[in-house]
Amino acid sequence: MKNIGSMLSTIVALMVIWVCLTLNFSISELGLGIVFSVLIAVSTRGGFTSNLFRLLKPARLAALLVYIFFFLSQMVKANIDVLFRVLRPVVPVRPGIVGADIGLRNLRGRIIIANSITLTPGTLTVDLIDDRIYVHWISLPDGDATAETQKLVDGFAKRLEKVLD
Amino acid sequence: MIRSIFGLILVLVLGAIMVAVVPDIEYSEEIHGVGLHYTSQGMQETGSANLVTAVIVAYRGLDTLGEVVVLFCASTSVVLILSLYPLSLKVSRPSFIVAQTSRLLPAPILLLGLYLIAHSHLSPGGGFPGGAVIASAFLLVMLGGTGVPGSSRNLAAVESLAGLSFGLLGFWGVMKLGQFLNNLVLGTGTPGSLVSAGLIPLISLVIGIKVASELSSVFAAFRYKGGH
Amino acid sequence: MSDALFPVVAITMGIMMLAAGIVALYVRRLLSAIIIVAFVSLSASVLFLLMDATDVAVTEAAVGAVVSTMIFLWGRGKIGGDR
Amino acid sequence: MLELYHWSIAGTALGLVLIGLWGVLTRRNIIRIALAFTLADTGVNLLLVWTGHIPDRTSPIHDSTTAALNATEAMVDPLPQALVLTSIVIGVAVAALFVVVAVLASRRTGSADIRRLRELRW
Amino acid sequence: MSALGIIGHVLLGAGGFILFVSGLGILRMPDVYNRMHAGTKATTLGSILFMLGIGCLEPVWLPKLILIIILVILTNPIAAHALARAVHSGPKDEKPDNLERDDLQEERAEGEDLDE
Amino acid sequence: MISYFDWILFGLLGMGTFMTFVRLLKGRTPADRAVALDGMTLITTCLIVLIAFFEGRSMLLDVALVYAVLSFLGVLALARFLDGGLR
């Protein structure tokens, strides 16, 4: 059983979701939750999460917190950006799709980076083919757009690498 | 042209009839008829906090059995027709992100569907919406690939088992209390806790499995073919 | 508590549903019509919620958003032609 | 305002039924007729739930917030809701059957136009 | 009004305003991709703030609201990505024509050359 | 009981829904309409949460949860069928 870790962490994650849904700590509710979690984890072969127990190291947790904080600040910036664009009389746009290399091995990590880029200022992930990520800009950055995109992707990848690898 | 005029006349006539009739449905401040009994006595008689589920499963359980049979006929017809005339649908290859999502998200969606089914007597939900949610998780798995998942071969067996157990639960009532689908064979318990309301959670589970497998087999009959 | 707010929401939703229903019949592309009918189903779910029919709202959201949309998309793909 | 609220929902439901009927009668594309049928279905369900609705009451589910209330004076009628709940699921199954039969029929004539189906002329 | 109530009202107001801005963005932005920008970023943060605001006013509901928040963060970018990809691989006359550069198009064109 | 703040809140959400609705009706291409539907469903989820808050019943949050999940799945299905193959 290679993926027993991911299966166990799927069970734990589903149990947390179950408790959040029911908000009830009686024996019967918890027992039913465990039964359902095990059933789902077995039938989806632990597909929900990868091994979460690897995260339980102080350094990784700290890196995760740093990543989340960075992501949230970027998201707030993104909204201020959208706000100022929308409220202008003429919406200023100079759109373009730029490719960049993504230097992260972990598949789930790539998904996380793609989703994070969608929620950061002025960028939207259009496609993810092999190692290349294609990003749509509301208005292309001044100067070298390719280098700017690469910098953006690397900024996320560097922070996420500390969490995952 | 003549079609439009005829249609317009028909729509206007029906509209006039409805506008004349609907205001006669009383704008009442009270519940009338049998609904009054269900509202006032429902929780004591069936033990179910959710009165809608009490009506569906306990008071009108036989009707629900009929409805499930109608649903079974419709979905079986779809599957039968599509197995006689296979019409495969070409879809493009999913992107990497969607393919990964279809492996990540089915687990919580399944849990949500099972929650709706298991808490049918406590909170909104029940067999029908829970089954639809579980079928949507199956659809998500299909959307993330270009073929039909292998588990769809067992759908017919699961569905028949669920239908059979609906009938068996009904006959349990006949054996014990002399009445088909009697809810009280397990006692009502305390309303508001998970283990209460007699047969209602079990029958909801059966209905949920049946609806889920029927809708899933409809989705699986809309088979895909890989391609670009 | 809800004496003045919910009526406004219900009336707005109702007008939007009726307008969307008419547009769904006359919009040129079939795919757009399917999307607009999905919108009508989801709004109907909110109206059910306002009428205190919680179970019905859940069912309508589950069925109207995914199952029927999927069925119509399949039919459109098989019949071909988008007019 | 409450009266207006009450009748506006009925008006929406009636309007949806009539729009659906109009669409079924006048549209030509067979999938679009199925869409109009779904609209009418939604309208009928709204109308049925509306008959059991009483403004300023709460949904017929007991929990800790409704323990102190008298159920018959605080809740809406559960019966129409129970009927509509099954009706929605049956409706979608019937729509699936409709679409599948329509697709097969239209493949025989080679077009989605309902006027090409001679058996369905009126 | 307690401090938590004031925080909750502020969060609710901010969330509602951002949701309003997202609607405005979907209406006003000039092409599909830019509408997606408004419809993804603004609705995500707006609904997060909104749920947190309700959570401050009713602390018991917080777990379920956090569940909705996590769900929104997970699903919303994925839907936007799927739509953007669909637009990009869709028919030519429906794509916005104001792109200044399009690396993905070039990549696709090269791939097709290799196939032939 | 109802304060001006609640009116403003409902007004903001209602205006947001209405503007996405206008885009839904106007949208030049199906993709525009799908984007509008995506935005609309999230704003409506917040509206459902607000209704739950006014009614004071936590069980309506289940409806919001199901609504959010299933509208996402609907948009995903639309996107997959807009994408190639089925033009």
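In this document, chain identifiers A, B, C, D, E and F correspond to the written order of the chains, with residue numbering beginning at 1 in each.
Assume a contact is a pair of C-beta atoms (placed from the backbone, for glycine too) under 8 Å apart; a residue touches a chain by one contact, two chains touch by 3 or more.
These numbers were taken from a predicted model, which means no experiment stands behind them.
Between subunit D and subunit F, the least number of touch steps comes to 1.
Each of E-F and B-E has its own count of C-beta contacts, and the greater count is at E-F. Computed centre separation for the pair subunit B/subunit C is 19 angstrom, with centres defined by C-alpha atoms. We define each chain's centre as the mean of its Cα atoms; on that basis subunit A and subunit B are separated by 34 Å. Centres computed as Cα averages put subunit B at a distance of 16 Å from subunit D. Computed from the mean C-alpha positions, the centre of subunit A lies at a distance of 23 Å from the centre of subunit F.
Multi-chain contact residues of subunit E (touching two or more other chains) are listed as 22, 24, 36, 38, 44, 46, 60, 64, 67, 71, 74-75, 78, 80-82, 85, 89.
Those residues of subunit C in touch with two or more other chains are numbered 2, 4, 6, 34, 50, 54-55, 57-59, 61-63, 66-67, 70-71, 74, 76-78. In subunit B, the residues that touch at least two other chains are 50, 52, 87, 89, 92, 95, 97-98, 101, 108, 112, 116, 123-126, 128-129, 132-133, 136, 139, 218.
Interface residues of subunit C, counted against subunit B in their complex, comprise 54-55, 57-59, 61-63, 66-67, 70-71, 74, 77-78. By the touch criterion stated above, subunit D contacts subunit B in their complex at residues 3, 6, 10, 14, 17-18, 21-22, 25-26, 47, 51-52, 54, 59-63, 71-72, 75-79, 81-82, 85-86, 88-90, 93-94, 96-97, 100-101, 103-104, 107. The part of subunit F that touches subunit D in the complex is made up of residues 55-59. Per the touch definition, subunit D reaches subunit F in the complex via residues 58-59, 61, 63, 65. Residues 9, 12-13, 15-17, 19-20, 22-24, 26-27, 32, 35-36, 38-39, 43-44, 46-47, 50-51, 54, 57-58, 60-61, 64-65, 67-68, 71-72, 75-76, 78-80, 82-83, 85-87, 89-91, 94 of subunit E are the ones that touch subunit F when the two sit in their complex.
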